[in-house]
Amino acid sequence: MTEGSGTRLVQLPSGDRVLPPVPGSRTEPLGEPAPPAEHAPVQGLAVVVGSRPVSAYTELTLEAPDIAEVAQPGQFVAFAVGGPTSAMLLRRSIAIAGVGDGRFSVVVSARAAGSTWLAGLRPGDEVDVVGPLGRPFPLPPPGTPTLLVGGGYGAAALVGLGGLLRSRGHEVAAVVGAGDAARLCSVEDLAAVAAPFVVTTDDGSAGRPGRVTGPVADLVSGAGAVYACGPMPMLAAVARLATDRGVPSWVAVEESMACGVGVCMTCVLPVVGADGRSRFARSCVEGPVFAGDRVRFADVGTLPPDLVGADAMALPHPPDAPALDEAPEPEPSAEPGADTAAHPTAPTGETP
Amino acid sequence: MTEGSGTRLVQLPSGDRVLPPVPGSRTEPLGEPAPPAEHAPVQGLAVVVGSRPVSAYTELTLEAPDIAEVAQPGQFVAFAVGGPTSAMLLRRSIAIAGVGDGRFSVVVSARAAGSTWLAGLRPGDEVDVVGPLGRPFPLPPPGTPTLLVGGGYGAAALVGLGGLLRSRGHEVAAVVGAGDAARLCSVEDLAAVAAPFVVTTDDGSAGRPGRVTGPVADLVSGAGAVYACGPMPMLAAVARLATDRGVPSWVAVEESMACGVGVCMTCVLPVVGADGRSRFARSCVEGPVFAGDRVRFADVGTLPPDLVGADAMALPHPPDAPALDEAPEPEPSAEPGADTAAHPTAPTGETP
Amino acid sequence: MTLPELELAEVEVPSVDMQASVGGVPLVSPVLTASGCSAFGRELDPFFDLTSIGAVVTKSVQLRPRSGRATPRMAETPSGMINSIGLQGPGIDGLLEDELPWLAERGVRSFVSIAGARTEDFAELAARLRGAPGVLGIEVNISCPNVESRGEVFACNPDASAAVVAAVREAADPAHPVYAKLTPDVTDIVAVARACADAGANGLSMINTLLGLVIDPDTMRPVLGGVTGGLSGPAIRPVALRCVWQVHAALPNVPILGMGGIRTGLDALQFILAGAGAVSVGTAVFNDPSAPARIHAELAEALGERGFGRLADAVGYAHRAPDEVPAGRHGR
Amino acid sequence: MTLPELELAEVEVPSVDMQASVGGVPLVSPVLTASGCSAFGRELDPFFDLTSIGAVVTKSVQLRPRSGRATPRMAETPSGMINSIGLQGPGIDGLLEDELPWLAERGVRSFVSIAGARTEDFAELAARLRGAPGVLGIEVNISCPNVESRGEVFACNPDASAAVVAAVREAADPAHPVYAKLTPDVTDIVAVARACADAGANGLSMINTLLGLVIDPDTMRPVLGGVTGGLSGPAIRPVALRCVWQVHAALPNVPILGMGGIRTGLDALQFILAGAGAVSVGTAVFNDPSAPARIHAELAEALGERGFGRLADAVGYAHRAPDEVPAGRHGR
């Protein structure tokens, strides 16, 4: 098994990738944008060497030394799904849960057709994978006590980080939560590296009843850096708790991705940049790890008018143009669905 | 194994399905149109219970009692290919090679993506299948000596017929040919029921060098009915040899099929009907077995002007209309590609 | 043995009123076949109960029998196919003598698709269908070249489309709703839809196939004898949904029979939500000959799960602003 | 150890001259990226040698930086996807300062796609590109709404398209070929193509995406923030091939950059045979980030296997009558 074998992770140079101590001032964001990974991604066929159910999920282990030997905690891979005659063109992004011996593991939650196909892979099968992708979790200055917060299968993405932090001498606390016991993930792996270690479930079927935010509120003040991966509302709540107490946080977000490598612009969310201005940042190459207080969680899924370039999206005339990629945005304030009558108008102008 | 277990085939009633003795007159076709099968097709999941390489092909055995117990020699099945997320929408038609014990077998030649997927099925896999489809080979009057001619994997479709003919007391001769030894098929199964039994290969790598037509020319005069399955040029040659000698023949044709059940009209070829007039007949429901002297082999792939309804296909004006399904055919004599400038013209008529 | 209460509750499927209509004529199901994808229905009889679906939409028929085009007539494409059949069929006489009686005897309702090369052809066909048994209505396949306009496809021109629709509406049995079947291969489908509605169409069928082409890498020529052909199947579904959406937004009172790549109940649901009152299942039948019946069942279940008591309440639902609909359950 | 003769012979691949051109400017490969599907090229650097392909066609740039639309911006569809990005990008200044120099330094050639809301926007963008390093030519994305015509898409109107093309041709560096990028969502693509060619376009890029829509069965609303979006990927390939075929048949001397669903060398071959002199690979890059280089190799092999000595000999080959070409080997 490969889980938690963080010792096989390439050791990070302690240079510019380690962040300066927290400034404490809350007028500017606590965290710098996460720096890029050290190694460029590669593409190739990985061989499935193990598959086992892990509560409601499936853990796959894949042989892929090119990826396993350079991956850093927080990074992800993108799998082609459905085999050579698949109607599914887009890759599925999955966080790397552990690395070791030229292998890496992932925890897959079978949802729709693509992830279900992935979860059904059997040992011996080959799968086309691109990785490692995205920016890893930046490591805290030596000695900083840390808190990890995982929700659902998001906890898997923290296992490698937990091991690495421990091996570098950090205190590691962790809170792992899920809707119910079956959707808890990586509990043993994180319990092995973290103390205190708290489990929560919304329905009380395991650990403390309730959401992760309760224990996080208790533990965050003792931490110098918070790392979180899980559903967006959880990330928003954790980042807020951390920021309110002046603790920098790093969140690994999950946005719908078409390419995973930075070329399609589908995976964006509004993020405050180093210059203090907000932009739609690509979560695949500028993330998935962002400083928690730089992500404008409340504005995700909208077009905030103060975004760089938002002004260029407004049409001088009422929008009756097709909502092509090529079409300007309706006024940012317009109701979603306001261009429902959109259609290409005919050259002869038959339509009123 | 299921091959050649013709004894498990439902015995045909000797009523109207057996053809009247050959009239001998060559002014009208020797064979009546083949009558329909006795049982309607069903659709369901079949379980693969066996897979083995057979020379250049793959023989699959599938558990599907509903199909196996009613199939008649000459019928085929249609498989959905590529699994639940497949980009391939159309079924692949494959002849039934043998039946027995609630199972049937097929011999698959892996060509493009769909047949390659089929050939890669493993025992335990499930596959969606519709069958039995098409009209079976009509049986000759009692005592008629018969000749079977198989080309390539087409020989597989004759195995069940050979067994059935033998069990009903017919003399069975057979010629099996292919391009080379690796593409010979069902040799053992047919050798077990046929005498004389001749093998030919175009390149001489097995049996007699040359095409099946040599031995067929020698054997046809001794036969009262000829049955053939294989590539179209072979079927044309065999049918001609038989017809020239006043012997009725039955050929199982292979036309590109989209539905296999009679609703799409893609699988047609020009066939002389019972009324002596030619029509585009659907090879899936009016075939795949046709009387050899009713198929207008030379006209396959063209629109013969004497076909019923061919007159309605000609346009009074030069064709500049889109070659939609909905568009009339250009003059039957027009060069293929003559409507290359076809395009929908604009309402405002900008194009000359 | 009595089942425990909980399990009974769990298997309880909310029953949904699936009644639909075409131009006011009630249908037992909103799911129909698509013209040219189920021939005249007979061949599907072994696979499902033909009386359980809304109607069999028959292959477009013309005045005279037609041989159709030379083969090859189709090519498979990613998640679709292109075809160029050439409207092979028995002509209106054959339809009236052999096909419609077979359907009517079994209680199967037919929606008859007609095609022609002149406006008068369409009118004559409609007149011939007066009083034909089991006929529910007429679908006018205007994606045909108009010989009086140098072969321009009727459906590409709002005026030509309107002329055909008006002639058919006038000639047809007043009890037969007339649906015009539109092509997506136009700059402005709303303009054509509006012209047809203004000319008296009782509804619109959309969409027909998209004009496509495939070249055989071996012969290095177009695969189809007819060079180009019609693209259908799930590949075109987003285009079909867009057309239904646009037309329903512009003409909310015109009934729509939606089609184009419907393969599952959830696909059908998308069309209903976009504004179709009923749907046709075409190419999916080639993959699954029992698709129409399966899709009816899946659609009913999907509607029930979403809290709809009646199919009718879901028609066009996706156009309504979120605050127009009560939270929780939808419809009555 | 020496390999036996036979094996050497077996691995011998006929070498094909793959030189192509855009509007007379030579390209080392006929395979380019497609606008909006490779950003500005950088992110693909880890996956293949960017100098080995014809050019990087950059994401359509406008005068000002654009945030793009709200998410969700995409939905997967059968063998395709729909997108509604909203032309997120740095604007022409950012392109000139950051992106083009990066490409030029590495010897990567760029084909710059420009977009605007007024004819003058396009002209200004073309003028700004004069003298920019590494720029091979300009692709004019006229699938943009024209604010001066109530948002009608330029490419839906032959006159509006021609006006943009003429303005760009006049403002642009004379050494920069100007390609107009056409939308398939028109009744008559040949009319638009002809208008662009007459207005001075050096070539045509086709096709842009088809307008499509997907409804989320859970929210029961359109998936995309922008309601409708552009359909791309293998699903649309037959439509793209049909457009290329029609335009090449009508305007055989106008160079075409073909695109729409190209995923393999054999797909690219179909476009070449239909009349495209070069091809762009778009959505397939999302599936396989090294697709452009792989497709170049596969296309070269496919041409060699078919006896072509030069790519140029295969362009439009499918239009030639069988007796126009020598049997056996094709081309010289």
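Residue numbering begins at 1 within each chain, and the chains themselves are lettered A, B, C and D in the order written.
The rule is short, and it goes like this: contacts are C-beta pairs under 8 Å (C-beta built on N, C-alpha and C of every residue); 3 or more make two chains touch, one makes a residue touch a chain.
Just so it is clear, the structure is predicted and the values come from calculations on it, not from any experiment.
When chain centres are defined as mean Cα coordinates, B lies farthest from chain D.
More C-beta pairs in contact connect the chains of B-C than those of the other pair, out of A-C and B-C.
Per-chain Cα centroids separate chain C from chain D by 35 Å.
Here the spacing of chain A and chain C, counted between their Cα centres, is 43 Å. Separating the centre of chain B from that of chain C, both taken as means of CA atoms, is a distance of 32 Å. Taking each chain's centre as the average of its CA atoms, chain A and chain B sit 55 Å apart.
For chain D, residues that reach two or more other chains under the stated contact definition are 78-80, 156, 158, 185-187, 211, 221-222, 227-229, 233-234, 245.
Residue numbers of chain B whose C-beta contacts span two or more other chains: 87-88, 114, 337, 340, 342, 344-347. Residues 87, 335, 337, 340-347, 350-351 of chain A are the ones touching chain C in the complex. Of all the residues in chain B, the ones that touch chain A in their complex are 81-88, 113-114, 117, 346-348.
Residue ranges of chain C in contact with chain A, taken from their complex: 78-79, 158, 186-191, 194-195, 234, 245-246, 249-250, 319, 321.
Within the complex formed with chain C, the chain D residues making contact are 77-80, 82, 156, 185-187, 210-215, 217, 220-222, 227-229, 231, 233-239, 241-242, 245, 261, 266, 269-270, 273-274, 302, 306, 317-318, 322, 330.
For chain A in complex with chain D, the residues that touch the partner chain are 40-43, 80, 87-91, 114, 128, 130, 255-256, 258-266, 268-269, 279-280, 285, 300-303, 307-313, 315-317, 319-329, 336-337, 339-340, 342-347.
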